[in-house]
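Labels run A, B, C and D following the written order; every chain starts at residue 1.
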Amino acid sequence: MIRAAVAGASGYAGGEILRLLLAHPHIEIGAVTAGGNAGELLGAVHPHLTPLRERRLADTTVDVLSGHDVVFLALPHGHSAALAAQLGDDVVVIDCGADFRLESADAWSEFYDTSHAGTWPYGMPELLTGSGPVAKQRAALGRARRIAVPGCYPTAVSLALAPGLAAGALTPDDVVVVAASGTSGAGKGLKPHLLGSEVMGSMSPYGVGGVHRHTPEIEQNLSRAAGATVTVSFTPTLAPMARGILATCTARLAPGTEAASVRAAWEQAYADEAFVHLLPEGQWPRTADVLGSNNVHVQLAVDERAGRVVVVAAVDNLTKGTAGAAVQCANLALGLEETTGLPVAGVAP
Amino acid sequence: MIRAAVAGASGYAGGEILRLLLAHPHIEIGAVTAGGNAGELLGAVHPHLTPLRERRLADTTVDVLSGHDVVFLALPHGHSAALAAQLGDDVVVIDCGADFRLESADAWSEFYDTSHAGTWPYGMPELLTGSGPVAKQRAALGRARRIAVPGCYPTAVSLALAPGLAAGALTPDDVVVVAASGTSGAGKGLKPHLLGSEVMGSMSPYGVGGVHRHTPEIEQNLSRAAGATVTVSFTPTLAPMARGILATCTARLAPGTEAASVRAAWEQAYADEAFVHLLPEGQWPRTADVLGSNNVHVQLAVDERAGRVVVVAAVDNLTKGTAGAAVQCANLALGLEETTGLPVAGVAP
Amino acid sequence: MIRAAVAGASGYAGGEILRLLLAHPHIEIGAVTAGGNAGELLGAVHPHLTPLRERRLADTTVDVLSGHDVVFLALPHGHSAALAAQLGDDVVVIDCGADFRLESADAWSEFYDTSHAGTWPYGMPELLTGSGPVAKQRAALGRARRIAVPGCYPTAVSLALAPGLAAGALTPDDVVVVAASGTSGAGKGLKPHLLGSEVMGSMSPYGVGGVHRHTPEIEQNLSRAAGATVTVSFTPTLAPMARGILATCTARLAPGTEAASVRAAWEQAYADEAFVHLLPEGQWPRTADVLGSNNVHVQLAVDERAGRVVVVAAVDNLTKGTAGAAVQCANLALGLEETTGLPVAGVAP
Amino acid sequence: MIRAAVAGASGYAGGEILRLLLAHPHIEIGAVTAGGNAGELLGAVHPHLTPLRERRLADTTVDVLSGHDVVFLALPHGHSAALAAQLGDDVVVIDCGADFRLESADAWSEFYDTSHAGTWPYGMPELLTGSGPVAKQRAALGRARRIAVPGCYPTAVSLALAPGLAAGALTPDDVVVVAASGTSGAGKGLKPHLLGSEVMGSMSPYGVGGVHRHTPEIEQNLSRAAGATVTVSFTPTLAPMARGILATCTARLAPGTEAASVRAAWEQAYADEAFVHLLPEGQWPRTADVLGSNNVHVQLAVDERAGRVVVVAAVDNLTKGTAGAAVQCANLALGLEETTGLPVAGVAP
């Protein structure tokens, strides 16, 4: 058995990694660590992880994390670099934080206000990388020792739009995205606007006007797919549900592109993917359908009157949007079958 | 007391009209009628309307509706024209259906597949009509005998964008709107995708690609405000809540417009409005804050990187989005103070 | 106009009092005060109270609260006595806290761990007091200067069971109550289990085994109605909704009581009440039907096999369960019509 | 591989069986059948079952169902007997309907209004059967060819109370249960009260007064555990969530039983169970913690003042409450490890 440690196991992302590892046939759970919750039983922090309820959270230290084959980091931004540097080059380190996602140090500084830690291979295997009709990010991940897991919104948006941009069916210069997320995407921090009384029955936007930190990550992914600079107007909204992202993504139909031919780009891109699915024409994604699974459901329509293509993607922000991608990347890094242990059906209704 | 009848009282819109009329100091409730529910007690159909629980739903006929000062029609599309024609020119008829909203018979036919019944004064008092810096639709409603109540999405979207378009701060040619609605907007029809088990915990889009019937109504309103043809990419989504619309509306910042000056258009447009409120800078609308009220909460941000202005509006689809607008219009038509009897605070949390 | 101050206006109960006062024809809102939120605008704390958004929260001091005709206290337990003592005997003080509800100093000490502040007239006008077939608590409230507003659970449970106990149709010795409450009943405190991510999609009990502080208040009310000591097994549960209490209350059918005759006790008790309604046979209360209203919906069934009567009551914990009762009591104390300004229809769906 | 057919695959129970079988290492999915949905693709009916989306629903006939090792029936009540009779005695038939659960033909007739089809081994392995300190229903299920899967409420209630009744710590004569269920328990039928607009934000009871069909099943289970006739006052309520049951169960503390000794009965009963867990003292079940899993979380408290023990159990009505139990029973019948393929962690938050 491969032995895994999970740092930051008390948060929602850490909890979801543990849930997935419990069902993984080749990975066993070693150390589980936390910050403020260190010393507590997992049963008190994550009562849904019944088989782990007697496991105690340790402090997040190099000592505790050492001696595992793979270490999952689910830490607040800025905490991964120092730890990873001490973990040994042979250990697979999967970072769920943002620290190593961006290539541009300037973009990092603008959005995160600290100095850039560096760039690791970006953990979105299905992302078209634009260097050929079927070139995908997967190529960079096999046997990698360090992988940066994508953000949840960038996962939905990038997989929604990349095929059309890579195929030249969409123009790169005026992409507009409005996405709704469940509250678990905001984490477990005690903030008044995240109280159940405030979120139930309510929709609200946040980070409006291009200031959300996932904006440069989305633009980086889409620009690579397009082979050109993509600018995105991105508005996230908070929805009254615990999990799920629904990203409604629009881009202008490229001049000269026939509406009827647009769909082929997505069909071709995802025909062989295990987790990314273009739904049958006319069927639209629902976040409930991917809940708890590693799936991405995608659908699109061409609005010829408005001159735009609308692509909608649904993911579970905690599964494919974070922990599922982390396990998927670990599988690739460890030389396992990419889909090993990952849920392929949503929990609905 | 002014005497009102409500036709289609068994639906959600009809029920909300009755809820508002119960609190109206100058209107008393006369006949309440229905189609399939005729003969039932209101207490069985709308148990929340406690004081009306002994009232029995009559058939929707001209005879029953005659003899009232004002008749509210909350009927399926296509049923208003024949009834209204027989109600007498002196009776105020407020139609919550779509039949008389559109000016273009072609647009009607394209989206509704029937022949156009005509056009009534459009019941959105606060809408800028573009013929001057403060010209508003209110001018067409005082003492009107026939009024077409706007659709719920058009209410949120039009009030969100009209000030910027009228002021020339936004370009009219590439408006993109993504809106989330509570399930009551879809009515009380028994459709599988509206079951609680299906909608709770789930977000999903529908009517994607410019096919939703509110599209031409939005374009009509915005084109009038802009004094130019506005094209909209409109994507509605269904959110896990019973009430509320959150419309995220974006348009390109007009060339030569200074970002800092944009906000003034909204401040000027709504400074004196009782129901439409530009929130203080940095505070964003939440649908829960307008629940059950006739308010519209609006906020905007300029995204200079993306070259777009993002305007977000929240309304209660059943109140300001339908029944509240209907009562507000009735007040104007009847010569009452426009705000009479309308709730000015939301029911939160 | 009568002038009212609201102390503790930043919480959910305080906010609801303000919402109701905004619609009250004879009361105007004077000082609004808070603890930690003092200095903030109401618009930041309660964005749903649109007309009050420019009002600033003052500190909760005697000076600020003085000079009003009525003062509503919505403070944490233990803070009312000192304030009330300094407010002048002619001022109407309506306390939404628990401090003055209990008659037994022992019960207070057992459940609240502090010394007993005293007992004020108990603000549940519709409660049968057992001293005669129609004797109700209302008699103690007219022109009272100090009133203790009941707790939310005791409101639902007491109004559900009192008629049967007073009529001798139910035995007092083995009452079992299980109640579900929306999260606003737990207040605005930042506790992990109240996060939206934790409560949405989940039901859970708390305070199990007779330890919830509303237990002695329920027993006090029911014992008075029964004219005998009533013991209650009370289990509250947290439901995934912001507002509402559904109390399922059972007691044993008194020996010799005919099942068919049981209902009459409730019919007689509530026939003339404006807010407490026994629903038509076969129709069961739903919390949504009373949302935002001052109504209590009640229904019952006799289970002859089990030898128990099941009575279910629905209230909005913030309205009739707190703020609505407070305004109702203020109306009585001020000599106004008891129902003045109070919503008689729920906001549904 | 063992080959399974699922009849009634278009409903929620059938869909959940398929979800679980997708993760089962030794069972492959053969025929999937339906009534009104026959001919449709599974992708249209259960879009969350992504890997099965191309599978087409066949008619529910003996021909289609024949030739499988195990047949799961998820049919409306009354449809199982005729089918099962033709399926061959060597085929394992797991019936999720009520038809074969009750031993008493009289109870069946009283609650279901049809004639009794018979009694199959009852599929609740962990149920104490009272014939000894550790005698459980599991003994009747190994290698059985016909198994009746328990109802969802009876699962939660029986596992909650059986240990205390079997140990004599609870008196059997006045059990009171109030349970909250998610809406999926009511199935996919198109009924107005199940619309999302009606259930979100609302709690309501149904089947009050001993008329719910699960009442005799609960009494049968508890009577067997107690070795005495148990009478239950059972009130189910509908909660605003898609999945989950929270059962609050109370019984009187048996005379002479010491409160401190009560807990031992549950500890002993479930110490070795894989799916039924007595939580650590002070931690209470939440339905979200068992969502999508086959777990039952149980906790109890003794209320000495009221003379009652309160036991709360949480299950997912579709998993352990139906489909999980079905697969667990199939495992036993097929000679597999009982826990094979069943999720042991909930999907939270």
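Keep in mind that, in the parts below, contacts are C-beta pairs under 8 Å (C-beta built on N, C-alpha and C of every residue); 3 or more make two chains touch, one makes a residue touch a chain.
Everything quoted here is computed from the prediction, not taken from an experiment.
Peer 1: Which chains, if any, touch chain B and chain C both?
Peer 2: Correct list: A, D.
Peer 1: If we look at chain A and chain B, which chains touch each of them?
Peer 2: C, D
Peer 1: Scan A-C, A-D or A-B for the interface that duplicates B-C, counting it as a duplicate when over half of the contact pairs agree by residue number.
Peer 2: A-D
Peer 1: Measuring centre to centre with C-alpha atoms, which chain is farthest from chain C?
Peer 2: A
Peer 1: Could you work out how far the Cα centre of chain B sits from that of chain D, in whole Å?
Peer 2: 46
Peer 1: How many Å are there between the centre of chain A and the centre of chain D, using C-alpha atoms for each centre?
Peer 2: Roughly 35 Å, centre to centre.
Peer 1: Pull out every residue in chain B that's touching 2 or more other chains.
Peer 2: 12, 182, 184, 195, 197-198, 200-201, 240-243, 286, 288-289, 291, 349
Peer 1: Can you tell me, using the touch rule above, whether these chains form a line, ring, star, complete graph or other shape?
Peer 2: Contact map by chain: complete.
Peer 1: Going by the contact rule set out above, which residues of chain A touch chain D in the complex?
Peer 2: Residues of chain A touching chain D: 12, 15, 18-19, 22-23, 43-44, 46-53, 184, 200-201, 242-243, 277, 279-280, 283, 286, 288-293, 295, 297, 343-349.
Peer 1: Can you tell me which positions in chain A touch chain B when the two form their complex?
Peer 2: 174, 176, 178, 180, 182, 195, 197-198, 200-206, 208-210, 231-235, 237, 239-244, 246, 248, 250, 252, 284-289, 291, 299, 301-308, 310, 312, 314, 349
Peer 1: Could you please specify the touching residues of chain D with respect to chain B in the complex?
Peer 2: Listed in rising order, the residues are 12, 182-184, 186, 188, 190-192, 194-201, 240-242.
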